[in-house]
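Next, two complexes with subunit A in common: one pairs it with subunit B, the other with subunit C.
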Partner chain A sequence: MGTVAPRIRFVLFAAASVVIASVPFLTDDRYLLKILTFVGLNAIVVAGLALLLGFAGQISMGHAAFFGLGAYTSAYLTTAHEVPWLLAVAAGTLLAATGGLLLALPSLRLKGHYLAMATLGFNEIMSVLFVEMRGITGGNDGLSGIPFPSIGSFVIDSPAAIYILVWAVAALAFVGAANLVRTRPGRAMRALHGSELGALASGVNTVGLKVQVFAVSAALAGLAGALYAHSVGFISPSQFSLEFSILLVAMVVVGGTGSLTGPFIAAVALTLLQYVHALIPGLSKDAAALIQDWEVDISGLIMILTVIFVPGGLAAFLKRRRSGAGEEGEIA
Partner chain B sequence: MSLLAIRDLTRRFGGLVAVDGVSFDVHEGTIKAVIGPNGAGKSTLFNLMTGFDRPDAGAVSFDGRDIVGMRPHKVVAAGISRTFQNTQLFEELTALENVLVGMHTRLRTGLVGGALRMPWTVAEERRALERASYLLRLVGAEQYAQTHAADIPHGMRRLLEIARALAAEPRLLLLDEPAAGLNNFETQSLSKTLYKIRDEGVTLVVVEHDMGLVMEVSEEIVVIDQGRKIAEGPPLLIQKDAAVIEAYLGEEGAYV
Partner chain C sequence: MGSAELLQFAVAGLKNGSIYALVALGFTLVFGSTGIINFAQGEFFMLGGMLAVFFVKLGLPLPLAVVAGVLATAVVGLAFERVALRPRRDSGPLALIIITIGGSMVLRSLSRHAFGGNELSLPAFTEGASIVVAGAAIERQALWVWGLTIVAVAGLSWLYSKTRFGRSMRACSLSHEASRLMGIDTARIVMVSFGLAAVLGALAGVVVAPLTQTSFNVGARIGLKGFAAAILGGLGNPIAAVVGGLALGLVESMSIAFISSTYKDVIALVLLLVVLFVRPEGILGRATREKV
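Our next item is the complex of A and B:
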C-alpha cells in the first residue's frame, strides 16, 4: 500500500469515468448505446464474480441464473402487478441474494470441481424453471412489454439515460468492491483464498464468509439482471443459459485473480467481441457472420490461452508493470 | 487457577491412539514446552486445543471455559491463537496485510461498512495499521511490511506467522515448532522474541525439537511419547528424568 499507487488508481478510475460518461454526448447511435449498456451490465456482474472467484477463490458457474432470477422477478412484478420499478429491482436483487445464500449453504462445503458442478447444476435447474414456470415467466415466449425504469413520474426511457443509469450502478459496484477488498472482510476473503487453515487460525469464520460473499455476488448479478430486463423490455430463457455463466467466468479468469481492473477490462473486451460485427464499420456481411458464428469459440480460446500462458490473467500484466516501477503489494 | 487445563485428552485415528489420556496445566504468564519424538502426538494435541480437531474423550478448559467442540475461529475469539508446523501464511498478501488479517476478530468492519468505506471504517483501518506495524516491529519483520509473504525468507516467515497470531490479542499463544529450519542466529533472536511476547502478558505453549531453545526459554516441559505424557517438570529435572532419556533421547542422551 504505497503512497503513489492509490493516486494512480484514482487517476485511472477518474479517466475511465470521464470516458464512459462522455459517450452519450459523443453519439446518439441507439444501437451503439445499447451495446455499451450491455457492457455496463456485464461489468456489474463481473464486479461481484471477481469478488467471489478472484478474491475469495470460490467458483460459480451459475451466475447467469442469478442474473435471470433478478430479471424475471423485476419484470414479473412490474408487468403483472405494477409494482414500482425501484421496488421491483430491489426485490429482484434480494431474491437473487437469497438464492445465492440457499445455494451457498450446502455447496460451499464442496471445493473446486465439485463446487463448479453444483453451481452448474443450479444454472441448468433454473434454466428449466424459467421455461416451465409459464405463469410467471411466459415460458419459451418470455416476458415482453417490461416498462422502462421510472421513479414516480420520472421515466428513464432514452438509450442515453439508460446507459447512464447502468454505468452509474456499475461505477458504484466497482467502487464498493474496491473498498471492500482493502478492508477487514475483503482481506479475509483474500486470506481464505491463500490458506484456509491460516484464515481459520486468524479467527475468520470461513464458511460464513464464503456464504456472505456468494450472496453479495449473486445480488449484484440479480441487480444487473433486473436492470437488463428494464433496459431491453423483453426477456426469454435462452438469455440466461449456462453459456452466459461460462462467459462471465471467462471474464474473471482472463481478467485475473485478485484484481478488479483486470476483470473489468476483460468484461468490456469480451462483451464487445459479441458485437464486433456491428461495431466495425464497413465490415463485409460474410466476415460479420463468420465472427458471429465463432464468437463463443474465440472467447473460449482466449480463456484457454490465458490459463495456459498467463495464469494470472490481465492483472498479472498490470502488477508486473507496477512492481517494475517499485510499487509492491498492490491490488491491480 | 491455571489458564489452560487439559484433562485425560484422548484422540484415536482408527487403531492408532494419537493422544492417550494426556493431562496438564498451563499457568498464566509462563512459557511451557511440549516435546517428544516425531509422531508422538504433539501436533494432534495442538489441533485439539484450537478447535481444528475434536477429542474422543477428555476436556480442554480455557480460563474455566470448556472449549472442546468450538470452531477454530471461536477459539481465536476466546483468546487462543496458534501457528503451524508448516507455516500457513497468505502468500499473495503483504506481511502487513497478513498481520491485519490476524486482527480479524478484533475489528468490526463488515461487508456494508467495508464497501461504503464509512468514516469509522477509515478510523478503524488507521488504528489497525498502527497496531500491525507495531507487531511487525515486535518480531523484527518491519522491513518486509510491503513484501508479499511468498517473497519473504524462511526464518522471517515463521516470525511473521507469530506476529499474525499475536494480532488476535491472544491470552494464550501456541507455537508449533517455531524454530524449525532456523539457523543459530535466527533461533537466538526467536528466543528473545518469545520473552518479549511473554513480557507483554501472553502465555506460551511451544512444541519444539530444538532442545537448546526449549531448555533456555521454557519454565516447564511436558514430554509426550506415543500419545502419552511420560514426564512433566522444569527443564533441569526433565534433563535428568530416566524415562525421558530412555524414551525420547534414547542412546544419544548426551546431546541434551
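Our next item is the complex of A and C:
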C-alpha cells in the first residue's frame, strides 16, 4: 500500500467497511452469513501473517496451530469452567501469543528453510496434542456445545450479530497492522526482510523484532481461533491441520509481500473458493462437487503460479511502482 | 523388559530408521546441489507406494510394478524441477520454499484424484513367515528394507566418489558459480538431483508399503521425519543422513518401549525442534557463518 496516497487509502478502507457492514442488512441467509464470517476470521489471521511473512519476511507454517490453541483454550474454559466469554477469548489469545513467543525465541537462530520446518514441526506436534490430550480437547470427537459470545447477560447468538462481531475485530486488526507498518517497527520489519545482516548493522534489534512480530501474529491467529470456536459451537482437531496453515501462507503469498490490502483480497478470494458451491446460485450439484473436490489443487497451483509469474502477488497490481523500486515487495 | 523384547524394538527401530534414512538422503541430495529444502520430498515417498499399487492393479507383476513406480516418481521429480523450480532458480529461499510447498499440495491432491482416498496395500516382496532371530521376529519385508537401503547408500556413494557426474554434484554443492565456470552444466545437475531424490523417496515408499499400507496423505509426516533425520545428522552429508535416520528410528522405537506409543510422533518432532534450536548444523555437521 506504500504508494497509494493516504486519503485514497482511507476512502478505499471506508468503502470496503461500508460494503462489509451492509451485508447483514441485505441478506438473512444464515449459511451465507456463516461463510462470510469465516472469511472475516481468516482475514484476522492473515492480517498477522502478512506482518510476519509479508513485511518481516519470516515464514510460519504453524499458524493453524495457534488458531487451534486459541480455539481450544477459549472453548475449554467456557465449557468446562464457565469462564466468562470475554475472559476466555483473552486467555486464548494470550496463550497463542505465549506459544508464539516460546516458539520464536529459539527459532531466532533459524531462517528460511529451517524456520519453515520448525514451525511445520510445531504444527504437527500441536495436531497430535489436540487429539491426545483428551481430558481437555475431547480427542478426535472434539469439543461441542461451546457457548455463543456473551458479555454479561447480552448474548451474541444470531448469525448476523456474530458476523458483525468478527468483522469488527477484523477491521481493528487491519487498522492496527496498517498503523504498525507505517511506523518505526514497520520500517525495521522491511529492513529485516531486505537483509537481516543489513538491518542489524543499521541498528535494528532483529532478534527482538522477530519475536515481537511472531508473537503478535500468533496472538491474532489465537484470537481468530477463539472467535471461531464460539461462532460455530464445535471444534475438532482436523480443523487445525497443516493444510490450513499452508492455505494461510498461500493467502499471503498470493496477496503479495509488503502489503495488507493484497493478502486481504487473497484471503477473501481463497476462503470463498472453498464455499463456491454455496455462493453461485443455480450451480449444478455435480459442478459444485467438482469445484470442491479440486479446491486444494487450485489453491496450490495458484500459489506456485503466483511465485513464478507474479512474485509481487496481487499487491503488485494494486500499487503504482515508484521508479527504481521494482524489487520491492517481491517474494525473495 | 526381556532382551528378546528389547531386540524386537531395536529391529522395528532400525526398520523405520532405514526408511527415514532414505527420505533423509533425498533431502540431503537436493540440499547439497541446490541449497533448497524440498518440502515435496515426502510426496515422492507417497507417490512411490501409490504408483506401485496402481501398476499392480494394472496387472504388472510385482517386481516390475515396483520398478515402474519408482521410475514414474523419478519422472515426476524431474518434471517438477524443470517446470516449477527452474523458472525461479535464482530466487531466495522463501520463493523456493513456497513453490515446493505448493507442489506438495498439488501432488497430494492429484494423487487423491487418481488413486482415491482409501488406504491401499501392496503385497510383500517375498511371501513367508517372519524369521525369528534370538527371540525377535523379523518380517521378510524388513530384510528388503535393509537390503534396498544398503544398495541405495552404496550406489550413492559410488556415484558421489567415483563418477564424473558425482564429482560435478559435489562441486555444485560448494559453489554453483565456480562449477559453471569449470564447464559443469549446473542446471542439469540440479534437475538430476531432484530425479535422484525422487527415486530415493519412492524407494522408501514402495518398500515400506507392504508393511504399513499407504494412502495419498502419508507424505507430510514422513517428510517431516525424514527432514528430522537429515537435520539430526547434519544436512548435506549423505552418511550423516543415514546415521540420523537410524538414530531417529531407534529413539522412536525405544520411546515406544519405555515411555508410550501415543506420543511416538511427537518425540521425533520434538527431537527435530531441539536439534534445530540447539545445533542446527546437525550432530556431525560443522557450523557456518552467514556472510554479506
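Keep this in mind: the second predicted complex is superposed on the first by the 315 of 332 C-alpha atoms of A that agree within 3 Å, B and C clash if a C-alpha of one lies under 4 Å from a C-alpha of the other, contacts with A are read in each partner's own complex, and residues count from 1 in each chain.
Throughout what follows, a residue touches a chain if its C-beta (ideal position, glycine included) is under 8 Å from a C-beta of that chain, and two chains touch if they have at least 3 such contacts.
Just so you know, these numbers come straight off a predicted model, no measurement behind them.
Asker: Of the two partner chains, subunit B (first) and subunit C (second), which one does A:177 touch, if any: first, second, both, or neither?
Answerer: first
Asker: Check whether A:204 is in contact with subunit B, with subunit C, with both or with neither, and answer first, second, both or neither.
Answerer: Only subunit B is touched by A:204; subunit C is not.
Asker: Regarding the shared-chain residue A:107, is it in contact with subunit B (first), subunit C (second), both, or neither?
Answerer: second
Asker: Using the superposition on chain A described above, determine whether A:187 touches subunit B (first), subunit C (second), both, or neither.
Answerer: In the superposition, A:187 touches subunit B alone.
Asker: Looking at the overlay, what does A:118 touch: subunit B (first), subunit C (second), both, or neither?
Answerer: In the superposition, A:118 contacts subunit C only.
Asker: What's your read, subunit B or subunit C touching more residues of subunit A?
Answerer: Per-residue touch count on subunit A favours C.
Asker: I'd like to know which partner A:39 touches here: subunit B for first, subunit C for second, both or neither.
Answerer: Touch partners of A:39: none, neither subunit B nor subunit C.
Asker: Should A:307 be classified as contacting the first partner (subunit B), the second (subunit C), both, or neither?
Answerer: It touches subunit C, and subunit B stays clear.
Asker: Both subunit B and subunit C contact which residues of subunit A?
Answerer: 195, 197-198
Asker: How about subunit B: which of its residues touch subunit A in the complex?
Answerer: Touch residues, subunit B against subunit A: 50, 52, 71-73, 76-77, 81-84, 88-94, 96-98, 100-105, 107-111, 113-117, 121, 124-125, 128, 146-148, 164-165, 167-168.
Asker: Which subunit A residues qualify as touching subunit B in the complex?
Answerer: 1-2, 176-177, 179-180, 183-188, 190-191, 193-195, 197-206, 212, 216, 258, 328-329
Asker: In their shared complex, at which residues does subunit C touch subunit A?
Answerer: Its residues touching subunit A are 36-37, 39, 84, 87-88, 91-95, 97-99, 101-106, 108-110, 113, 220-221, 224, 227-228, 231, 262-263, 265-266, 269-270, 272-273, 276-277, 280, 290, 292.
Asker: Which part of subunit A faces subunit C closely enough to touch in the complex?
Answerer: 57, 59, 61, 106-107, 109-114, 116-118, 120-122, 124-125, 128-129, 132, 195-198, 242-243, 246, 249-250, 253, 293-294, 296-297, 299-301, 303-304, 307-308, 311, 331-332
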